[in-house]
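Two complexes follow with chain A in common, the first pairing it with chain B and the second with chain C.
Let's turn to the complex of A and B:
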């Protein structure tokens, strides 16, 4: 285990150095990430100029949810972007090399790429996150601070687990494109807004079937004591563990189906 | 004899060129239909985003009219914007950028057809399929969220003109941003930056009327408004009379302007292209 984690860190470090070699690309991707996330913020700001609140959620409450999605995306892109390479790797038979190395195949796949837009997402998500925490109406008791630290730290793991799970579809679909997991990624972006705005079916999907809401909405409800059941947010660590286990399970099931490319 | 040949040749050349472009449109359409799984998952992604917007606006407008929009009008606005946004959605620039990065674009330079017109012909071919699927999704969403009012009376003619202009206008911005790859050699970043700017300033998510005055003025003068806001506003009757025609004129001016900008960029780009041997 310790050796696996050490190797994981070393692989990511190598990817980071490789990424920074392409300085122009790095800046273009960072600016693009800032624009993409900044656009969402301007969108919320434009809406809340016209109305004071949506279903009891004020501007900075919603910004907190939104910033958690951006932060989560940044963390996932820096630590586990490799999940998105699975479609190509499986299609071209690239897992052959991975499987003969004495290092957890899943961690090898996860650390096989690092997204250049990660830093832009972290910078903007982090700024919005801090600004939202300053502006929300909450009294910061020690218990609340401890809760916040716990649920916010676990939130990105939910997304990483679900990314692995959806990208494992590569073992079954066998196409070199990641459009299928990308559709689910877009589904996850529905968790940028308070869950209460959606119909029952969407709420069930986002909180139970593919619990994307645990990367943003539920942690925020627990910390802000908002929404119909704030205590649900305390389950974020459980949801994170569940999603990671699901991802690992799907990867192992997938490996038993993997049949290389025959060349 | 020579005079006769000189008179006939351009007409023959034109006919031959038209046939070539039509073949390209057909090929583009067929390639999209042949590999439609990937396209349909992409469409599913944009549909989910649109559904999220519909839910969000339903909650925002639950209390009543905001900035002149009630819930049925907003539904219509968002769905027209969605269909407009589904045109020229990714294939043209994706292909162009790939060929520029790989150097295959050198082959395009020696072909006896105009590069920009060829890409436009392909965009039209893709567009038929994109428009069809976009309309189906919009109709389904409209049914799910309780129908959409008919287009505003009196605004039908400017709406029709504006709707026809959406495709060439969107092509202009997509084409120009794909040519940027000649200089940046990066495509994903340029594309996502372009999508962010277009999504926000086209009014596809939030009508420009929700922006403060200075930002509204800026957005109205930029090419983006014509990509969603103008046709959507004309549909719901948010623009009428002289204001309607002024917005359509801005749209038409940008369509022509971006076409010529694309021409100029192509001339500059093809001069500084580096293709590695092999």
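Let's turn to the complex of A and C:
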């Protein structure tokens, strides 16, 4: 485990160095990330100017959920962006070299790219997160602080696990594009708002089938004691472990189908 | 002791059966048809420690697929494979510690990093100690002459430079088994020669080597055993000398001449058994000869007595010729050793 973490950091570090070969790319991506997340925030603010409460959620409560999505996205992009390379890697037979190195193939794939636009997400998400924590109506008892630390730390793992799972579709689809997993990523964006505003089908998908809501909404309910079942948010670590295991399972299944490429 | 053991190995690929053009692709959307093709169709192979095996065959014969099965990259459809006593596709990490792999068409170096950084990443993955790493690296740098390439990014290397660095990357952990898939493809003669010298040294050091190639030169220089595969099956497995002497004995010397008048029959008379033909409108001569009957020096001297030779090259038979001739009803090289059809 320690060896894996160390090697993971080594690979990411190497990618960081490789990425800095292309400086222009870094700045464009960072600004793009800031703008995208910033736009969403302006949208939220505009809505709450008209409606002060949605299902009992006040403006800063929703900002907390929103900032969690930006933060988890930032962490996933910065630390595990390699998941999104799977389509191309599988299509072009790039796993060949990965599979003959003595380090977990999945960890090699995940650390094969570092998304510097993650920094943009982290900066904006972090600022909104701090501002939201200051403004929400919550008394910060030690228990609440411990709960927050645990569920917020596990939230990004949910996203990383789901990224792996959806991107593993590459082993079955064999196309060099990530359209299919990206469609699910877009679905996951729905988790920026309180789940209660959606119909039953969407709620089921986001909390059970592909539990994107565990990267933002559920952790927030646990910390703010809001929503119909705040205790559900305490299951965030379980959801994170479940998503990561699903991802690993899909990757292993996928490897048995891997066909490399000619010659 | 057998390092590599494969028993009745099969790999079947399912390919969508589409008609020609866009119409065919569209029809496939509603009417899904597939054909199954066995790229590797029942291969059994045993390679002992220290053996150097050339694994050859025409394009699409299943060479690369076999290598990918032996290295655990692909999971076989059926059959058994064991390398260093473990099943490679079930224990990939363990397997990777004991083998080195080079794909001629693909680099294992990190594209945007200096070569040295790639080596250090591999060092850490293999868990090599500092002293062991330095010793191995120094040896490889010297043998492959890559000292001044270590600080360039892989992206900037020429094909020949990249191949040498890839070989070093595959051998850093001094694996007992090395697989090379088309290691000399696209390289010029000088680099090829240097690589072959290097591979001979590696084999002399006791490493087991499996090499796929199109180039008969690679095989003659490095390997002692030849496995020929066609359509996924082994058609010959045995000594190399024997096959080459039976099917690939003929060399062709092409000579460019200073002036036109040359007596073809005069050259032929000096070299009984050789075939002499005119080339380039009489300004060149091609002599096909058997090296056991005439040395290259004798052929050259025969030519020089008839004309002034300004340039020459010697053409070796290609492995495709060997396979083709073996098929042309001449499959008597080693009838006892043949498996499959």
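Note that in this section the second predicted complex is superposed on the first by the 263 of 263 C-alpha atoms of A that agree within 3 Å, B and C clash if a C-alpha of one lies under 4 Å from a C-alpha of the other, contacts with A are read in each partner's own complex, and residues count from 1 in each chain.
Rule of thumb we're sticking to: contacts are C-beta pairs under 8 Å (C-beta built on N, C-alpha and C of every residue); 3 or more make two chains touch, one makes a residue touch a chain.
This is a predicted model, so every value here is computed, not measured.
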With the two structures overlaid on chain A, would chain B and chain C clash, or do they fit side by side? fit
Examine A:99 and indicate which partner it touches, taking first as chain B and second as chain C; both and neither are also allowed. second
Regarding the shared-chain residue A:177, is it in contact with chain B (first), chain C (second), both, or neither? first
First (chain B), second (chain C), both or neither: which does A:204 touch? neither
Given the touch rule stated above, what does A:238 touch, chain B (first), chain C (second), both, or neither? neither
According to the stated criteria, A:259 is in contact with first (chain B), second (chain C), both, or neither; which is it? second
Scan A:51 for contacts with chain B and chain C and give back first, second, both or neither. first
For the superposed three-chain arrangement, angle chain B-chain A-chain C (C-alpha centres, nearest 10 degrees) equals 90
Between chain B (first) and chain C (second), which does A:14 come into contact with in this model arrangement: first, second, both, or neither? second
Winner by number of chain A residues touched, once chain B and chain C are compared: B
Is A:149 contacted by the first partner chain B, the second partner chain C, both or neither? neither
With both complexes overlaid on chain A, what's the closest CA-to-CA approach of chain B to chain C, in Å? 7
Chain A contact set shared between chain B and chain C covers none
Where on chain B is chain A touching in the complex? 37-38, 41-42, 44-46, 48-49, 51-52, 55-56, 58-60, 63, 66-67, 184-186, 188-190, 192-193, 195-197, 199-200, 205-206, 210-212
Of all residues in chain A, which touch chain B in the complex? 24-25, 28-29, 31-33, 35-36, 38-39, 42-43, 46-47, 49-51, 54-55, 116-117, 175, 177, 179-180, 182-183, 185-187, 189-190, 192-193, 196-199, 202
Help me check something: in the complex, which residues belonging to chain A touch chain C? 3, 6-7, 10-11, 14, 17-19, 21, 93-97, 99-105, 255-256, 258-260, 262-263
Using the touch definition up top, name the residues of chain C that touch chain A in the complex. 13, 64, 68, 71-75, 89, 92-97, 99, 101, 103, 105-108, 110-113, 117, 121-122, 124-127, 153, 181-182
